[in-house]
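Reading through the structure tokens given below for one structure.
Each chain carries a letter (A, B, C, D, E and F) given by its place in the written order, and its residues are counted from 1.
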């Protein structure tokens, strides 16, 4: 850092210091805290946003937080399926996942999305490690039960947090694909929101942050100005039941509810399209998106 | 282990004990030793052999050795390429690897072969973790230089052994796909034999075992009875230079030479088609294949 | 281990591997487990058997178990007494132990049997340490109360397991003579079976194995084919009460009952005259002798 | 941190994030580094500046640096002397320090300035501990030799860094008064600049920062625009010799030279009157004051 | 210790050995125990006695005890106040402490008495560290409530024992001035007896010893022969209530009562004027002063 | 220690404190030091002296030293031989040791003398453990070569200090019988003085103390007043060569010479018949016996 530096000017000094000082209470509060980030949507797919988000993640690790990423990978899976001559099929918005599909999903998530993210984080100067639920049997899944049989779609049955906790205490940023083995060793694809919501508790995370492509939970899905800043768990459950929270937002809110129930103190759904949304949420007084809170 | 057990008979007792006692000096010698195994060929592709090899690996871990697996994945890559409408191309037996091909290779190796092996080892009762060279920047590669430009084919430039050493000391069996990032973050495909030979030294491994589909290094490739039990490094280099060691055996012998030069004491090329070849090589007086030795 | 090895042959390979593979679930189960072995009878007195038993003990230590030996020494004590001009005397099969006799017993057990075993284990390549109950006050005894006053015969009053646990965690095999000090520092001779049965619990042993010179507990002492493979604690107590279990077998069964009551999961009385009885019991599916089990 | 937060606005988000992102490479570089700060002048005496400097110190500790403060206390000493009826006396700008004066200096430095700083740091939310060279014999001094006999003025003879290193590894910010005992236990007053320069090396500090009341080292003391941004050690020694560096700036530059010679990589003299000078120097691209560098 | 030694003589040998042997059970009992010593009165003010007491303290540390000193400093404060032109004022024997007075008290206690003791202990060969309640916020105080408003006089509100416990486990002797910060950071002066009595429990001290200038608690203050060797807590409270325990003895007895209530097993008030009173109390059968005991 | 204590008296206080204070510099010097004591002669055989010596040993352990005892056992061996009908035989004062004799020596030393000492130390309140050179192969011996073949008489060939160092760091007092195994596992009897002298270096002992039954090394063996207080190694060698040091004193002086050569700083031969000779030597200014010193 011995390069010539720019000349100071008084007003700029005060402004810069102000930002750093504002971060102080948050840094104090979050030091050493594990933060599970569900990473997906525009923040992952848009090349420019993705670089900014990964820079944020690396900054957070450098100031003493311990981020854990769980990523999805939707469009890539469908695209690879089509290239392999297989038409994606959905029932009620959920992918029908036969044996061949789950193999493709695993191949794309753990063989493409995941190593690309790991390499990109290294480019930003931190140490990442790619994992799936299979590694160290970190997550054991079972077939998801429900109305429709969706095939090899799983839900989290058991979490063994030791491997991930060991890696974060050594300074690695775990990047996790939501794939896990079932009891017989078969591969299962787990919804990434649910996966993140379920591991946050066993990892003793202090925060769950779900990145999404809208401003947060809206009171009226038609009205982007109807953002709900703070949403009580009971209200959230009602809004899911009566359909006010619908489609892709459902698993995100469910992830928050799962994590809250498992003792994770703070659960946020924030707008991943905003520049540096993570940094703003964690280190400034700026409020972004919806915080789901216990009653 | 309280189930009814079979009746003993004197002769059988002596024979069984004999096998266990024969293993004693090897167990004593190898306790806590790191053993890098290059895993591929029939021992990986044949379902029956594969189960036996993984059982051996797990037994070795249970009696105190520390196996590290590096696997290839050749046929799967070509098959997936063809399904994606891309014809594999080879120059002098080496795959021409354009940007799309290396993406497919990574996808198959880290997204299919690797997690399948990890799950299969868990089924046998040990704890495995899937890695590639990108994880924790364990291996940093550079484009392989040579006569023909083969594209995104890499060679090992730097090894950071801390991650793997930490994991084996915690009882995990690392299963490693020979994929790594280059200096600019680009994905490179590394020959699995070379990858294994290059990491053995930095991992402070005591042994490198390369599984192959022939009996070992043959004095006369036409004559399966011309097996060379012990091959001095100098002779090995001559035999590569004059073509007596050729095609697929070349990188296997080079891996042994690399590992020897980096201080790995014992380097073997053994016949992975033999039942329990690893167990025999490590825990009995039975000699299998070729041992490459320093002069 | 670089010596020329023998040629493999397919059938032999499968058989050898079979024995090693059969050992796998036992190795997995017993890794790091403490196994208290009451060592005596033919297995200690017969020179050939003794070497085989000690080889077994060393093998067990090398594959990760933690054996603790408690030995007796009967015939040697009587012989030394006679050489010193003192006639051994017994009441109901128990040695009358006056002050001079207990000195001789201590001298023989800790000054002859014990160091000979320690040296013999070192010859087999493991690290042993000779102890008696006096060392580190590991066992504090009191005079055994009962019908006849047998003199300086003790029973275990208190166990301080720290010394032995420290030594086994450092890789030593403790070899313990059943001698202890009473509350006033006087020397007391404790029955070796009882001694072993009483220390197994405080040492947090997972198994107690009592070697004896018959096949195990017999339903009919006259009929060697009446071996009871599994004996419930309640039945064992009845058989002692009604005399079906008699003389030297009584303290062996009592040792198992004591250890079971103190939380030792598996207690076996096995035939020390069988070659490699310990190895068979611990590492194969072969059933030997009698397992005493909680109801 | 659940309080209502302000509304975001795009431009402000980018600016705030920019400041935090600019800090990233510095945070990465300095994490876990020990920074010795010589604290004095306006930055200590002006109430407003003092609060800002201590906030900076606490922020630095919270983001992973390890600050160590060495403070002076000049005007307070003179004032207390006068109140006690003793007129301060100076020879060539250095305080004549008789036995009574050194007692007063110690009383003011360790009994007033030091505990006030410790309490003020606690008010900002970090953990401080007040020390002098006497504590744990951290600094042993000897009488300073020189032209004039200045009495109980010391120079650092020996540094025992263990106490301070232990405290910083436990998260305390050491605040050190430049008082030490001589070989016979007598109290000696050490120049605070020299004290800081001498302990930085043994503490294995990575940086020494001397706060002063001018912009840095000036090429022409009459011209505030003649600031020298980077000053080679050899030039520094020449400028001291020929008087271009004079009076109060001499010990500051000498402190940097001492620390450089003892292996401290980066030594800065910066303007403590600038708001958040420490933060700017450490965490932004803004250049402040003079860096003294090895040739 | 290779210097010529004196000639032995039989009788002297037996006597010397007797003293050392008498110390044995006490050394065994107190090894590793924390002993809080309230240090003041003649034992601190008389130069000869002071050296002897500090030698005792150092001897105790060398034989494995862990002494913690809390010191007062009364006469010095008044003297410095007068030199600064301020007349000390007392109400009911307690110093009226305005803002200026508490500054002077802190300056004298932490800037004069404390560092002098630290340096004197180093001269005796042990490692001391000077502290006040402000360091590491070890003691947080609040204004003492009561009949008369005495100004900046505090009482212990909260004790954070980690800093002191860490230092004693590293072999330092903490020397503590009874100054602490209040909730707003203001300086408060705490009675040294009370300070010692209140920290003994949180420090998990095994003994509190209060040095005083009389023989102990007297049944009749007029009669020095009316010493009470053992005083039950209930009786002590009665004697304070009815005035038989009065003036300076009150806080000393209260300190013992506080410490007893917080689990400190042994609390003594002893005559600091006796040569080596501490050594006698701790390491011999000689009884000195008053032991306050729980009912 | 709450029992009523005796009344103090001023003069007695000063004298007692004087003894304790005199011990201070020695306690400081020897804290944590390993002291090998060759224990034998009257100090072991006389019941009253033995109790006093063991009390000294326990006191030393309690004040922080780490004593290691090596004991002989001469008369007992001869007596037991005679009782077993075997006449002891000596050549040049050294016992002729056939196979039967060495068995008896081992039996007496490790089976009688050793456990009796261990139990006696426990009676004094410390934790002892009995060992011989066979335990943990702590000492490996070889047959002593020399003019006469003395049979199974050994000399120290190799020392493995780990076991003993581990035990003393856990607070045990090792009590060692000078018996060891030879390369083939055969039992060898080693002179106890030589055994002590040879292990002191590898144990990193700071002192070797040999107890004997005379005042020390005498200039004239006929004249008890000709004690040599300090004897240079060169002179010692000369005196052995010319016979001025003769018979039983020879191995004692050789032990000191061996230990000196192996880096043990202080080697003493002292009169074990003096009451508390060890305590006097270690903790007072009284000089006892002969110190052998390097030139």
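FYI, contacts are C-beta pairs under 8 Å (C-beta built on N, C-alpha and C of every residue); 3 or more make two chains touch, one makes a residue touch a chain.
Just so you know, these numbers come straight off a predicted model, no measurement behind them.
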Intersection of the contact lists for subunit A and subunit C: B
Classification of the subunit C:subunit F interface as same or different, half of numbers criterion: same
E-F compared against A-B, more contacting pairs: E-F
Subunit A and subunit D, separation of their C-alpha mean positions in angstrom: 44
Chain centre separation in whole Å, for subunit E relative to subunit D (CA means): 35
Multi-partner residues of subunit A (each touching 2 or more other chains): none
Chain contact graph, described as a line, ring, star, complete graph or other shape: ring
Sequence of touching chains round the ring, subunit E onward through subunit F: E, F, C, B, A, D
Footprint of subunit D on subunit E - complex, ascending: 83-85, 103, 106-112, 114-115, 118-120, 122-123, 127-132, 134-137, 163, 166, 170, 172, 179, 181, 185, 187
Complex contact set, residues of subunit E against subunit F: 1-2, 4-8, 10, 12-17, 19-21, 23-29, 31, 52, 55-56, 58-59, 62-64, 125, 229, 266, 274-276, 279-280, 283-288, 291, 293
